[in-house]
Every structure is written in structure tokens, then in C-alpha cells.
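Please go over the structures that come below.
Shared between the two complexes below is subunit A, which has subunit B as its partner in the first and subunit C in the second.
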Partner chain A sequence: MATRSIAAYELKLAAPLAGFFVLFFIAPLLILFYVSMQSDTGTSLAQYARFLLDPFSLGVLGRTLWLGVEVTMLCLLLGFPLAWAYVRGPRWLQPVLILVVLLPLLTSVVVRTFACIVILGRQGIVNSALVSLGLIDTPLRLLYTEGGVIVALAQVQMPLMVLPLITALSRIDPNMDDASAALGAGAWRGFWRITVPLSLPGIIAGCMLTYAAAITAFITQSLVGGGQMLFMPMYIYQQATALQNWPFAAAISIVFLATVLAVVSVFNALGRLSRAHA
Partner chain B sequence: MPNDASSTQIATGASLTVERVAHRYGSAVALEQISLHVAGGELLSLLGPSGCGKTTLLRIIGGFIEQSAGRILIEGQAVDHQPPNKRTVGIVFQNYALFPHMTVARNIAYGLEARRVPGAEVKARVAEMLALVRLSHLADRTPRELSGGQQQRVALARALAVRPSILLLDEPFAALDKNLRLDMQIEVKRIQRLSGTTTILVTHDQEEALSLSDRIAVLNQGRLEQLASPTEVYDRPTSLFVNTFVGAANVLPGVLDAVTDGTARVTLDGGGQIAARAPIQTIAPGEPVVVCIRPEHLRIATDGPGLTGTVEMGLPLGATIVHEIRTAAGSSLKVAEPRATGMEPRPPGTIVTLHLTQPEAVGVFRPAA
Partner chain C sequence: MSTRRTLLTSALALGAMHLFPRLGAAQARLLVFATFTGSWEEAHKDVLVPAFRKATGADMVLDPMLSVDQIAKVKASLSNPPIDVMLHDPGPALVAIDQGLVEPYPVAESKHYADLITEAQVPTGPAPFFQVVGLTYNPDRVKTPPTSWADLWKPEYKGRVGITNLNSTLGTGFLVEIARMHGGSETNVDAGFQAIKDLKPNIAAVAANPGQLATLYQQGQVEIGPGNFNAIQILKARGVPVEFVSPKEGAIAFKTTIHIVKNSPNKELAFKLIEAALSPEVQAKLMGSPYLIVPTNSKVKMTGEVAKVLASSVEDLKKKFVFQDWTAINKQRASWIERFNREIA
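Right after this comes the complex of A and B.
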């Protein structure tokens, strides 16, 4: 009797949250779906057909997904050594690194993105340093390039990669390295055969978070990319506000959402596989 | 048959010399001036209380930490500049450190593959090692699916597969329950004999050290207290620490009277004189000393000459019976005697006399500072 009343009580406690989700997540999603079905000829899948048959739209989708891959790879490449240094480095380094990693999270995305613009601009820190060192004569074009967007996004999303990596790496028994070395394996073999497989759950979680965040990062994408490059979030925004084409914007949103969910579930499946033995 | 022999009989292990090795962690001294030599094929135990530096010494030998001073030599060659993967030293960690994402067979093959042994030979060696530790039927399990004792055997097989010249075992039995521990101790001894690998076993369990080792190195607070055979360490401990740490001892204060012909005479503070083995430390007559009497070297009688006391408690422990006796001077002594069938402990309060059975078994040392 007591347990049942407690269970009922707990359900009641969860009700406000459930209501919140229904009101602000499920309902808008349904509305979005309903809007996407509207077209000149009544209710149909015409908007979806238009998107999927249009090379320009598909190009934007493809570029966005590829941008995510590039940002994720860069984050992994830079984040792994950082996480490694945090876990295995000297004790005094830990507070320094955690501050460096967490600082971006404590600052607004807008502020960080403008900082990137300052650093990457024609008169920015990078260019003036290169010019004064005599390495280049005229400032490089860093801003409003795909490279600039990738670097800026990597900086912004770095904590999402590093934090899961730190968790995964610190769960590895430090004796593993010693055991590998004692068996005659060099550092590289130990790294690829022991450390990487054992940190795979962290790598996958970090990649998933970074990827999802990078392809949906409206502010950084549009501010650093400028008008030159169009990615999905901006494309949706343009269709909705500038062109007032709400049904098409809704259809793109649904397609984008489905794609992201597909990518995330692939990562999830990989994660489950890797956790089975790590 | 020579083929058969070569597959199981591995060449005798290398000799190891530890030369005046010292180690400090920051300013804390963990080891001071340890020197010892281990012959090829020997099993040496490092025995000592927690925190005495056993693991530190083992890790220095394996090359996982660099000593502050001194040298490590394998077969007479200094190896101090070599990283662990260049020393032919195998190690079994206290928690085994098996690779959790690999099967038992892949764990054992790891070192062979790192040494670029051809695939067919790897397969043969893995099978040979699995047979040696009697785990052939579990080759495809992952470490997680094994019991503690099975994991330990895999760790042993993995370390032995690359035919190390020296095998280091860091408290390998600590995590096992009593029965399994005994089985595994016998197993390790069997494998060690069979493979002829020079082995260093770290332990804080004196029974384990006494039963398995060819020789025991007793460590205390980073110092080597005694290095000798198990019976020597037990019968003729060279320091008060060794006498009390290995086996039990009743420690009584007294004053040294004289030393003649390898026999010392000590007047106990509680009254009475006792004969003992001549001290190893140089102690002048008249100086204060302590004598160490093992409980099994005392016998209880009801009359005759000797120390008198009253029974405080009697504990029948199966094959032996232990009495706690309080002497007139107030010190309390343990006496262990073989127990005959039907023998009951003496009731508390009984007045008894204690006889010493072997004067040469009594140690005389300077009192602890």
C-alpha cells in the first residue's frame, strides 16, 4: 500500500515537467510538422519533395553535415592531448587545464564568437603577428572562410569533447600502460591497442555532443561564416523570416532534425558496442 | 623428446643485482641503500609491513620509476637507462591489470605481438601458456567473465608468455580468499619451478614468504633488515624487528650479564636469569637489552625452577594450545604447545612455571629506540 501511494506521489511530482515537455516540446514539434505539410495545393508532402529534389538545398544539408565532421575531427585531435595531459600530467596542471576547458562554457557564445572575429580578422592577432614576423606580406583571409568557421566552432564546442574524454581516460587503470610496456610494447602500440579502445566510450560521447552542437550552432556559423557560407540553421532562418516561407522552413527543419537524430543514433549504437567490453 | 622439453623448459632466468638503491618521493625517503643479489632461477620474497617500500623497489626493478641513487643490473649489465619495454622483466600487478577489452588469448598474445613474433608461433605459445596455467577451455572469455584466481593465472600466463628473464609479482595473492590463495601459491611455485624464471614476490604475509621463497628479504621503513633463507630468518633473526615481524615473539626487557662461547646470559627486569643466543649487535655487559622468546619455545610445568606466573587465558587452537601467562613482574607471555587429543586449557588463575626448551632460540637485541 505504502509503496503504491509513493509511486503515485512520484508520478504526480513528475507531472509539471511532463506538462512542460508536452507544452513546449511535443506541441511545437507537432505544429511544425503540421505546417510543413501545407502547400498551395492543400495538405501534401510537396515541401519535402521540393527539398529533396533541389540540388541547392541538398548541397546546404551536405555542407552542414560535412562541417560537423570537420569540427568534430579537429576537436578530437586537439581535445585528446588536452584530456590526456589533464589525467596523466602533473597535479598542478589540472586546475589550469580545467579552467582553460571550462572558461568557454562560462562565457556567452556571442562574446566568444566576437572574440574569434577579433582574432581572425584582417587586422586580427593572427594576421598582425604573422605580418610583423615577416612570414606574410598581406593579411590572410581567415574570417568568412570555411576554415575560420571550423576553428571558431572547434573552440566553442571544445568542452563538449574534452569533458567526456577526461571522464573516460581517468577511468582507465594507470597500470594498463605499465602492463603494456612490461610486455615489450612501445608507447604507440600501447596507445592504439590499449588507451584508444578503452577510451572509446568517451570518444564516441564527445564526438556525438560536438557534432550535434557544431551543425546546429547558428550564431557562430553565421557570424564567423558571414554571408558567404550557408548552413542549415541559417537556411531555415532565411526561409522563415526573410522569405516568410513557413511551410518550407518547417519541412527543412524536420529533415534536418531527422538527419541529426539519425547521426546521433548511429553514435549511440557505436557507444553501446564499445561499452560492451571497455 | 628434446623438442618436448624445449617447449616447456624455459631457459633459466637471469640474475639480478640491486646495488645501493635509494629512493625518495620528494623529500620523503622510501628506500635507503638497498643492496641484494638474486641468482638465476631463484624465488626471492620481499617481506615487510605496509608502506616499507616493497612496491617502490619492485617498480624500480621493472623500470617504472627511476631510483634516486644506485644501480640495477640484470645478468651483470646495468639496465638503468632502459625503459620497461626494453628490460626483459615481466610483472604481475596486484590488481592483475588485464586488458578488459581483449579475450584471455589476446591478452596472452599481446606481448608476443609487440615483439613481432610470427603469427603461427604466437598461436602455439598462447596455447602452451594456457595449458601451463590450465585455462585452455577459457581462451575466448574476457577478463570480466573470470574468477579472481583465473584472472591471476591469466596475468601470470601473459607475463610468462614473452619468457621474461625476471618475473615480478606484487602481492599477487592478496585479493584471493584463503583456500584459493593456497591453491594459487602452489600453482605459482609449480610454474616458477617449471619455467625456471627468476622471481621476486612482494608480500606482507609472512607465511606466504616462508612457504614459497628460496630466500626472504625483510624490509622495514625502507631498509633491508635481513636477507636469508626462510628457516634462517625464522630461527636466527638478526634484528628485533625481524624477530617480532616474522612469527610471534614474547619481548622481555633485561640486562646483559655476559657472553661466552656463543651463549648470552641475561638478567630479566622481572627477576630470574635466562640463557640466549649471543647477540649479533655488539652489546657490552651491563647494557639494557630485550630478549625475544617464541611462544613455541616455552613449556608449562606445575613445579620446578623457572619463571612463575598465573594463567590468564587458555585458547585451544586445534593442533596447538596457547596460554597467556602473567608473570610476577607483570609482563604477559604467550606459550604455544602441541595439543594432545582431549587436552583442555588450564583454568585461569592456575599458578604455573615456565620452562625454556631451547636457549639458542632466544634472541637478544638492543631495545627499540
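Right after this comes the complex of A and C.
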């Protein structure tokens, strides 16, 4: 009797999920693609041409992708020390920190975004503090600016960065630090040569999740950005509902999806490289 | 083995029934009325829904959303629409009618249709109320009440003005009005775009929709701007310092129409809901505080705040207010929205 392949059995178990994906993901995607091919003159690529040859539309795409980069960088900058403190800090601190990290996930994005509006508004906490300290005379404009959107998105997406970082950092043997110190490396050199390379898989996973979530975050982008700043999710919504131009909206969605997939595969390639490196 | 399989099949079936409750029986659901969010939702929940329940004994669901979202939802499922009664501003109403999403109103069977003022008698769907757009401001921060649209461009309002983009009737109506002020019209809004560009230093926020614009007064983010008379009433009732004033050029008035959705499974109930919305009893109640919704039934006498701030009668309203030509506006609205994206955003 031939040995039964374990892999075959596992595939069968995944069948319900696969069916679910075909029904609720692949099928709608095909419909979306079909709609995007419609134009006044029948089936054609006109909608794609309209997007890809229009500097304004490409500008919206570019701004959205760049927004993702800025949010991801800020999350990494703020998230890495937090994850480090969790892994290397005193034991009593860990439950506190994990609560701090997870708490945002337990609150609705809408609520968290409104909190940002209250904090960043003209008479919000930041502005009233600065005014009463005498640092500024008139309130700064924080809401409805790109900076405001970046800060709000970084707050909302922070857990997606910190959790993979914690996993990666806690896998690093603390003896490595001692070994590098014993061999004469300073703290910074040890950090750059040992800790960062070993935590790269976590950094890449965290960046990928944060990036994908930040550029598609319709609620936060539109509530904190307002009606003046146009990013891809709002652009799609506007074309689909306000202008009732479904083919163009579908084409933008497909272009956006392809772009995000391209970025994700770059991250994946980096991830493979980093694993080979580690 | 067979029992396990049976178990699994029934579990899946049960799961599917739970996910799609309408799978088992494709029979009637409750009447769904897509009203507007904010003040209208509150007013309809408090007054119209109870009146409907009393008249029919049936229950119903309010599903508040923007006009454009109502159209998108109905269009996506035209043979089995998820909404029975739609509420539309003039622009979206024309779109919905054009795309064949509405049922003609059974005028002959209606008890109240003939009592409506002529402007509100629309056979594709009558108007249960008017909306009015004028200037709203925060009286704590703006000491001299504004008197004209032109006041928004005063340098003293630098960084204090709030507007919306053209996705809303408010934003589009405002653009047309300031275009007119500078010699333009419903068919030529170039001057309006130039004026909005000149307004940029004063703009504190371009809200995504009128509801959001109203809440910006509450947060102190904006202090003056074009505003919907009804959108601020809830805030005002809750003690937020915000006031409405008709500019001397005349506030913008537009009718809101109510429609039976094509292929609705609840046509009879939909008709009864609209009848309730047109009845003098409901309209009189909705005109009272805190809703202050402008009536269209000529049997309702204008009183209270509506009479004081807006107009003492329907004739007065027609005289004092500016009605825009939405058929003309709608022809170019899509290109204006694109242009706003490019030039203002």
C-alpha cells in the first residue's frame, strides 16, 4: 500500500476555504474586470487608457502610494522601539505593552479616527495645549492636511507593524548581543549588524501589512483628509457613486489592485532575500 | 461515515440559511425607506415612521444614506431592489428617473397630491419638503452676522470657512450661486470655479458631505460657510453655537422628492408611506421644533422658526428664494466634479 501523501489530505481540508474564495473573491473580481472593459464603443481597453494616459489620475495613484510609504516609515520608526521594549523590557511591562498595542484593534476604526479629529482639530488637544503654552498665537492647521492623515493612519495601523516585529525580535537569542559585545562591537554596531538583519523578516512583514492597510484605508483617509485631498479609495468611490461611472471606477480599481500586488510582491521578494541572508 | 457526511451537509445548509435568511422563502421583507442621514433620519424616525405604523399596522425599516448611494444600491440590483422608497435631491432624482429606477407615482389614487403646491407636484415622485441653503456661522466667533455670499471672501475669515465638494447638492448649488454672482449661470460656472480658487486662503476645510460640514461647527474647525438650514438644527438643539441666515442675494431652495422604487416588492406600503409623508398632519409636525422641515402641502400654515427665519408662506418662499435649474446643472455636473478634483483639490 502506498503511503498516503500528507499534502493531499491538507489540500482537501482547504477546499471549503477555496470554495469560499472562488465565490466571494474570484467571481466578483472577474465581474469587476468585465465591467472595466465596457465603454461607449463596446468592449475595449478605453477605460484603462483614460486612466493611464491622464497625468491627474496618475498623480492620485502616485500620491496614494507615497502616502503608504510615509505611513509605513512612521510606523516602523515608532513601532520598532515599542516592540524592542516589549521583548527586552522587564517582565511586568509585557502585559501592559501588549494591552497598549492591542487596544486599538479592539476599537472601531471610525471611533479611533474621530478621536484623531478631536485631537488634531483647530480647538483640539494639540492646538489648545500649544496656544495655552504661548508657543503659537493662532491654531495650527493639522486636520485636512497630509501630515494629519499620516499621523492618524500611523495610529490606526500601528498594531499591524508592532505584532510581527515582536514575533521576530523575540526569536533572536539575547546571547547574540553579548557575543557581539564580547567580540568588541559597540551597541550601535551590534544593533545594525545583528539585531536588524535578524529581525528583517518581521520588519518586512510589518511593512507589507501596514502599507497595504494604509493605502486602502478609505475611512481614515476621507475623514481626516476631508473632501480636498483625493486618494485612490475616494477616487474610486467618487467615480462609482457620485458620477455613476462604473466602468471607469472598475478600471481604476483593477489598476490600483495591480499596483498593490506589485508592491506586495516586491516586499515578498525582499522577504525571501532576507531569509536567505539570515 | 454517512452520518458524518449528513451532519456536515446539514451544518452547511444551516450555515447558508443563517448567512442568507432570504434563501428559504423569497417572500416579503419589511418596507425599507432610504432617508437622508442626520436631521432627516431623526425627524423621520420620530414622526413619519410612527405615522406609517398607525396608518398601516405594518412595520418598516429606515436605512439612511446619501442619494448617490441609494442610486448605486438600486442600480446594482434592479430586479430585486434592497430599497422600496428613495429620497432624492433634484440632481440625483433626475439621474434615477433617467436610468428608469423609479415607478410613476399613482397620482389618481393619492389623497394629498392635489393639495401640494404646484412645484411639489411631480408625477415621477412628489416633493414632501423643501431644503434651503444659506449661510451658517458660529455666533460666538463671528460677531457681525454675514449678509451676503460675498462676505465669505473677507480677509478676516482667513482659515475659518468650511465648504463641501461637488458630490453634494449643497456644494453644487453653492458653486452655481457664486458663479451667478460673478456673471455666470447654470450652464457656465467658470466664474464660480475662479471664485472658489480665490476663496482658498479662507478655507479651513472641504468636508466630504453636508453632514460632516455641520459637525465641523461643533468641533470649532470651521466658523462660517454655506450651510443647509436643516443640517444644523440638530446641532443647534444640542446647544452648539451655530446660526442660519439667508444671504441678501436669496437663499437657495430646492425640492426633495420621494419615489417608489421600480420592482419594489412592497409597492402598496411604499405608496402609503409617501401618502403619510405628504399628509398635512405629518408635515405640520415636521415643521415644528427641532426638525423645522419646510412643508409642501398647501394646507400646512407656516409658523414658528420656519416662518421667522425663512418665509411666512409658500408664496413668500417662492418670492424670496432662488430656485436653480437642475436639468441644466445635471448635464454638466459630472464634468464639474472632475474639474473640482483637478483645480481645487
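The working rule: the second predicted complex is superposed on the first by the 261 of 278 C-alpha atoms of A that agree within 3 Å, B and C clash if a C-alpha of one lies under 4 Å from a C-alpha of the other, contacts with A are read in each partner's own complex, and residues count from 1 in each chain.
The rule is short, and it goes like this: a residue touches a chain if its C-beta (ideal position, glycine included) is under 8 Å from a C-beta of that chain, and two chains touch if they have at least 3 such contacts.
Bear in mind the structure is a predicted one, so any value in this text is a computation, not a measurement.
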item: Clash-or-fit label for the pair subunit B, subunit C on subunit A; value: fit
item: Partner chain(s) touched by A:141 [first = subunit B, second = subunit C, both, neither]; value: second
item: First (subunit B), second (subunit C), both or neither touched by A:226; value: second
item: Subunit B versus subunit C as contact partner of A:53, first or second or both or neither; value: neither
item: Partner chain(s) touched by A:123 [first = subunit B, second = subunit C, both, neither]; value: second
item: First, second, both or neither for A:133, with subunit B first and subunit C second; value: neither
item: First (subunit B), second (subunit C), both or neither touched by A:194; value: first
item: Centroid geometry (CA): angle subunit B/subunit A/subunit C, rounded to a multiple of 10 degrees; value: 150
item: Touched partner set for A:181, first subunit B, second subunit C, both or neither; value: first
item: Partner contacting more residues of subunit A (subunit B vs subunit C); value: C
item: Which superposed partner A:244 touches (first subunit B, second subunit C, both, neither); value: second
item: Lowest inter-chain C-alpha distance for subunit C and subunit B in the superposed arrangement, angstrom; value: 47
item: Interface residues, subunit C side, partner subunit A - complex; value: 66, 68-69, 71-72, 75, 95, 99, 159, 164-165, 167, 203-209, 212, 219-221, 334, 337-338, 341-342, 344-345
item: Footprint of subunit B on subunit A - complex, ascending; value: 173, 175-176, 178-186, 189, 193-194, 197-198, 277-278
item: Residues on subunit B engaged by subunit A in the complex (per definition of touch); value: 62, 64, 83-85, 89-91, 93, 95, 97-101, 110-111, 114-115, 142, 144, 158-159, 162
item: Of subunit A, residues touching subunit C in the complex; value: 56, 117-118, 121-124, 138, 141, 143-144, 222-223, 226-230, 234-235, 238, 240-245
